[in-house]
Amino acid sequence: MSAIETVRDRYRTFDDQRYAPLVKGVALFGLLAALPTIIEIDVAGMELAALLSLKVLILTVIYAYTAQAWNIMSGYTGQFSFGHAAFFGIGAYATQALVVDAAVNPWIGMLVGGVLAGGYGLIIGALSFRFKLQGHYFALATLAFAELLRFVVTNMSELRGANGYFKAFPRDYGAEYGLVAFQFQNDLPYYYLIVGFLLVVTLVSWLIKNSWVGLYFFAIREDERAAASVGVPSFRYKLIGVAVSAFFTALGGAYWSMYFNTIRPDTVFALFKNVELLLPAVVGGPGTLLGPIVGSFIVTPVSEIARTTFSDINGLDRIIYGAFLVAIVIYSPRGVVSWPSQARALWERVRGDEEVNE
Amino acid sequence: MGKTLKSSTSNRRRFLKATGASVAALTLAGCASDDAGNGGGDSGGDSGGDSGGSGGDTGTTTGTPEQSVDEVIIGSNHPLSGSLAATGVGMSNAIKLAAMRKNEEGGIESLDGAEVTVIEGDNQGAQELGGQVSEELLSEGAHVLTGCYSSPVTTAATQVAERQGVPFVISIAAADNILQGRDFNYVYRPQPPARRLASDYADLVPSVIRDGGGTIDTAGLFYINNSYGQAIRDSLREFLPEQNVEIVEETAIEFGASNANTQVSRLRSADPDTIIATTYVAGGVLLAQALQDQDYRPPYLTASASATFTDDDAVSDIGEFANGVLDNNYALNPTVDKTAEVRSQFLDNYDQEFSASVGMAYTAAEVIIQAVEEAGSVEPDDINEALKGLSYEDHISAMGAIEFDDQGENVNALGPVNQVQDLSVKVVYPEEYAEADPQV
Amino acid sequence: MGHLVTSVAPLPLQGGGLGRFIDPFVQFLTDITNLEPVLLQLLAFGLLLGGVYALTALGLTMIFGVMDVINFAHGVFLVVGMYSVWLVSEMAGISPFLGIPIAAAVLFVLGVVVHVLTVEPIIEAPQQNQLIATLGVLFIIQSAIEIVFTPDPQQVELSLGSIQVGGVFIPLGQFYALVIALGTMLAVRAFLNRTDLGRKIRGTADNRDGARYVGINVRRINYLTFGIGAALAGVAGGSIALFQRFDPFTGETYLINAFVIVILGGLGSFPGAFVGGLIVGMIQVFGGYYLPGTTAQVLIFLLFIGTLLVKPEGLFGGAEA
Amino acid sequence: MLELSGVRAGYDDIEVLHGVDMHVDEGEIVALIGSNGAGKTTTMRTICGILSPSRGEITYRGEAIHSKASHEIVERGIVQVPENRDLFTNMTVIDNLLLGAQTEEAKADRRENLDEMLELFPRLAERKNQRAGTMSGGEQQMLTLARALMGEPDLLILDEPSIGLAPHLVQEVFDVIEDIHAQGMTVLMVEQNVQQTLKLADRGYVMENGRISMTADGDELLEDEGVVEAYLGV
């Protein structure tokens, strides 16, 4: 038995253990927690920080978070939403409107935003599923619901129209810089906060995936009619998927609004925000737990590296980034996380052939 | 990522970008190679070439491990690609030009002729890159920052400067609350923000018209429906009634709209004494087009903070019809010789229009250079102190001495009145900056 | 123009309570009962704008209808059309009208290339993959234009002016675009209905498996369709360049409205695209006239959602292309 | 004429055919029977290039065709009447028929063939300008068959041609099949109407779990106890 096979078999033995997900989770989030330190480590005169700054890390984890939230609905139940900016924006706006106009602590505002977004998600879902929208039609409907909000908010002076909100100071709502205020004076706490967010949504996602709810979700994704025929209440479970996903996406929007200081309809409800929120999940592997996280650690750094490497010609980085997107969906339509199993399948096929030949 | 760097590098922290404006000048000459051929007699090319040999070599190969006082690095954080790039590139070029001119004069005097270098970062007009690019520019050694044109991006960018205690002089960013009520200690804005521009409109334009014997009792607003358009609209609503001008109609145009027919129909049926346009270049062109198509023109066609009627290209695109338009916007000061000089140098070097926005960025860079000159140091806090006490008169913008208040706003910021006369944009009011009399 | 000044719309202050929703409709009804001449003018503008929108949707509906691919690069295809016409007229000094067929040819080739390189390999993959692939194409082409032609806005030197018919102003640039839209629509419709290739395209749109069972080379139909769809975008972009300044980013606003129109009219339906375009144009014009700000766009999205829910196959869905 | 050896195929990760071996000779009617999910339709789809086999070989007149696209297979003379018909439902009957003629030869003859089909299926002639989707199931089945014949196949593959049809229509379909076979066409068919099919067929294959479990003459199969029990419900 070759060394590789030994390792592989050991890994499989480990993988079968009940504690395996816990160990993997701890390892993953341990790594995430250590990243700000790791990027500062000097290896042969090179620091990773030269490529990945803390700000880029934060952005990466934000999109890992939103993609994970998107994944609960679209990856698990197969209802491809192209309008998650709606929920993201609701979270951002609820937080800022409450904190700026009513001095409500942003944590409370965030939860209010989550609930509002969940409600909006239920409306979208109830209408779309009642009328049996599928595929492109469903995607376009969700997009329309998001674009609708962009124009509504732009034209509503009650929500400060196109000017949007500037974040208030902690003292304006009776707090001091720190966790309670949801505001910090440097980036590191913001990083750990969003890693914490990611941990929570990943945990929720894992719980769903490993429960009967997840089973129903997958059944709906694979064959909704068949699922319904064996008694899965698909309408209700799709709604659960939308609501949970919308709720968590809104929390991401709330974080965004606190971290970036200012929001406008054309920043949080932007057309391309819809894409940015879900892209890591599609690149990483929709419907998987690891996909959104791995995807984000590919998408965001690639765009960042392209930007810093090809900065001599303005715009060249977007060409590289575009080519990267095309390449990844062509060569890995099921996401990057499928690479190991594809490699394994290939390996086994090769070995299988050998056995047949013998 | 700085544009002055020729070879790319994986470690921007250690590997300082090309130092010395000589290299910058060479790169510029490269960019504007068309002009270098015929307009190369310009002294900038020569002096850049002279010192370029040695400066360029040491700059790109060794870099400087520590901040040394033989160069001052300005970090320019602007949208160099994406939908805002048309203006952003011009603004960044203006900042480079300001550095080049200073170096031609012998550099920063108080630092024994230290050269001014500009390193550029492209924020792509994206909010999430505003802070990131600021950090990159700082880690590349920038002593002071400027940017960013888009207000949300500027907010993110200034936040970084404030936290790190590095001065940030805003080139352009219109939103009032970037500075107001933010408690910033390191951020400054020479430019009049939206509210100031609108109040200047209300103060100046009606009196120009009335002084000329005209009547202006009613107005119709035509604005772009984004934050900048709405900010001006809100302020005009506040200030115009104080000058006895009633707003009888408001109509908005969407960014990227294909025409302004409906909006003009609406304005036409309200038939106000003046239409006040607040748009980017494209929106104003559409307005002019639709007005002509419907054979309508109010007694006074005016604009507040509109890019269209201070943009020579747009004015010539519109043609005849643009003549007579009164517009208040930040403007270049035509009464000083330096303006024409800078303008012609800019045109020679960059084959781009020296618009009011570009001119404002140029002024921001001069403010920075002047502050460094007065500080005699590249320490951020020294520069910051100098900015606080600054009173800079020798600039090319049509406004008084640039002095900052506690919030960092320029107390003498001004949006004077321009008029299109014979297809060229002329400052007509207040008189101290006027190059022509208003024709009412 | 004093004779038109009979109705002064109420000042539409945003944030004025419920009145802001009701007053415009009251005003609209009053104008109708008074037979305000401005209504006729608005109708004309709605028709013109609708024609332009319909034109921008033709290519999208073709690709969407036949291949079931949401082509995000459609907007930037329009932009390539604009630059083609501009290049032809500025550089070669040819009339911009002649530039339009050239733009169509350029876009046909570009469309085929884009299709073969990016869409064909994943035509059977989940739909979101095609969406992201075309998004990548959008980034690539848009930035390439930006690098080659700078981000500065461009304009075709052509002042067409307007004519006045019975008190109604008709801007000629948009009028020509409407004529081109109608002509193109009829030509493509004739091509689809009267030629063998057209029938094969319709068949493939109708039932891809069916097309394969009868032996249609579906791959070939795919790239031809994508090419023709792109060429239609070229015609649309070229026509828009007749009356509008443009930059590398102009396509994005048209893209979203084109999606709305395609769904309103029904996938793959050319008359549907035309009617959808008219509806969106009319709402923008009348909504823009009576409603504050850009509230009209809210109506358009509500209509869009309503159509998706109640009649997702569109007004002309199910009918022949 | 047609030979399958060791054909494995399926959808995504799921293999449905685990090595199918069968052949059809010139002029034969061959029937493929088996329970639901045995892999009959998958076999038919694989032959016509709608699915491509992961392993194994399909040859037609000595030429390997398993890696060819469906239109290339049609060009070689294999045309299928698919199980779910796959008609162009939004197009007229005439359009559907015309689309059936894709090869050069078929195109050359298509006017004559069209007339012939309208003669053969009078119901279609009555509805020739109607949209296919608006017709009854029986009419649609006729149209599918006629559309396939418009392609002038040498080998006609029929996948459940009588499914969901009223008894008198079933008989009509079988009459047509017999008729065209009599004119020399080779036929491979899948049918749930086992008895009638096996009577018509020269040979039959029984398929179970993605493999051929037995093969014999049609009459022999009709007498085989296992087959009778499993598929004839006696």
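The chains carry the letters A, B, C and D, assigned in the order they are written, with residues numbered from 1 in each.
FYI, contacts are C-beta pairs under 8 Å (C-beta built on N, C-alpha and C of every residue); 3 or more make two chains touch, one makes a residue touch a chain.
On a predicted model such as this, the values are computed, not experimentally measured, just so you know.
Chemist: Let me check something: if the centre of a chain is the mean of its CA atoms, which chain is farthest from chain D?
Modeler: Between chain D and every other chain, the largest centroid distance is to B.
Chemist: I'd like the Å distance between the centres of chain B and chain C, where a centre is the mean of that chain's Cα atoms.
Modeler: That pair's centroid distance is 35 Å.
Chemist: What is the distance, in whole Å, between the centres of chain A and chain D, each centre taken as the mean of its C-alpha atoms?
Modeler: 48
Chemist: If you average the CA atoms of chain B and of chain D, how many Å lie between those two points?
Modeler: 73
Chemist: How many Å are there between the centre of chain C and the centre of chain D, using C-alpha atoms for each centre?
Modeler: 43
Chemist: Which residues of chain B are in contact with two or more other chains?
Modeler: 81-82, 85, 89, 225
Chemist: Could you list the positions in chain D whose residues touch two or more of the other chains?
Modeler: Not one residue of chain D touches more than one other chain, so the list is empty.
Chemist: Going through chain A residue by residue, note those that touch at least 2 other chains and give them in order.
Modeler: Counting only residues that touch two or more other chains, chain A contributes 154-155, 161, 314-315, 317-318.
Chemist: Got a list of which chains touch which?
Modeler: Taking the chains two at a time, the touching pairs are A-B, A-C, B-C, C-D.
Chemist: Hey, which residues of chain D end up touching chain C in the complex?
Modeler: 48-50, 69-71, 73-75, 79-80, 82, 85-91, 95, 98-100, 102-103, 131, 147-148, 151
Chemist: Where on chain B is chain C touching in the complex?
Modeler: Listed in rising order, the residues of chain B that touch chain C are 81-83, 85-86, 89, 225, 237, 247-259, 261-263, 265-266, 268-271, 281-282, 285-286, 289-290, 292-296, 317, 319, 352.
Chemist: For the complex, give me every residue of chain C touching chain B.
Modeler: Against chain B, chain C makes touches at 1-2, 4-9, 11-13, 38, 41-42, 45, 48-49, 52, 143, 146, 150-153, 155, 159, 161-162, 164, 169, 171, 174, 240, 243-245, 247-250, 252-254, 284-286, 288-289, 292-294, 297.
Chemist: Contact residues on chain A for chain C in the complex?
Modeler: 80, 82, 127-128, 130-131, 133, 135-137, 139-141, 143-145, 147-148, 151-152, 154-158, 161, 271, 275, 279, 282, 286, 313-319, 321-326, 329-330, 333
Chemist: If we count contacts the way the header does, which residues on chain B are in touch with chain A in the complex?
Modeler: 1-3, 5-6, 8, 10-14, 80-82, 85, 89, 121-122, 124, 127-129, 131-132, 135-136, 151-152, 155-156, 159, 163, 175, 177, 182-183, 225-227, 229-231
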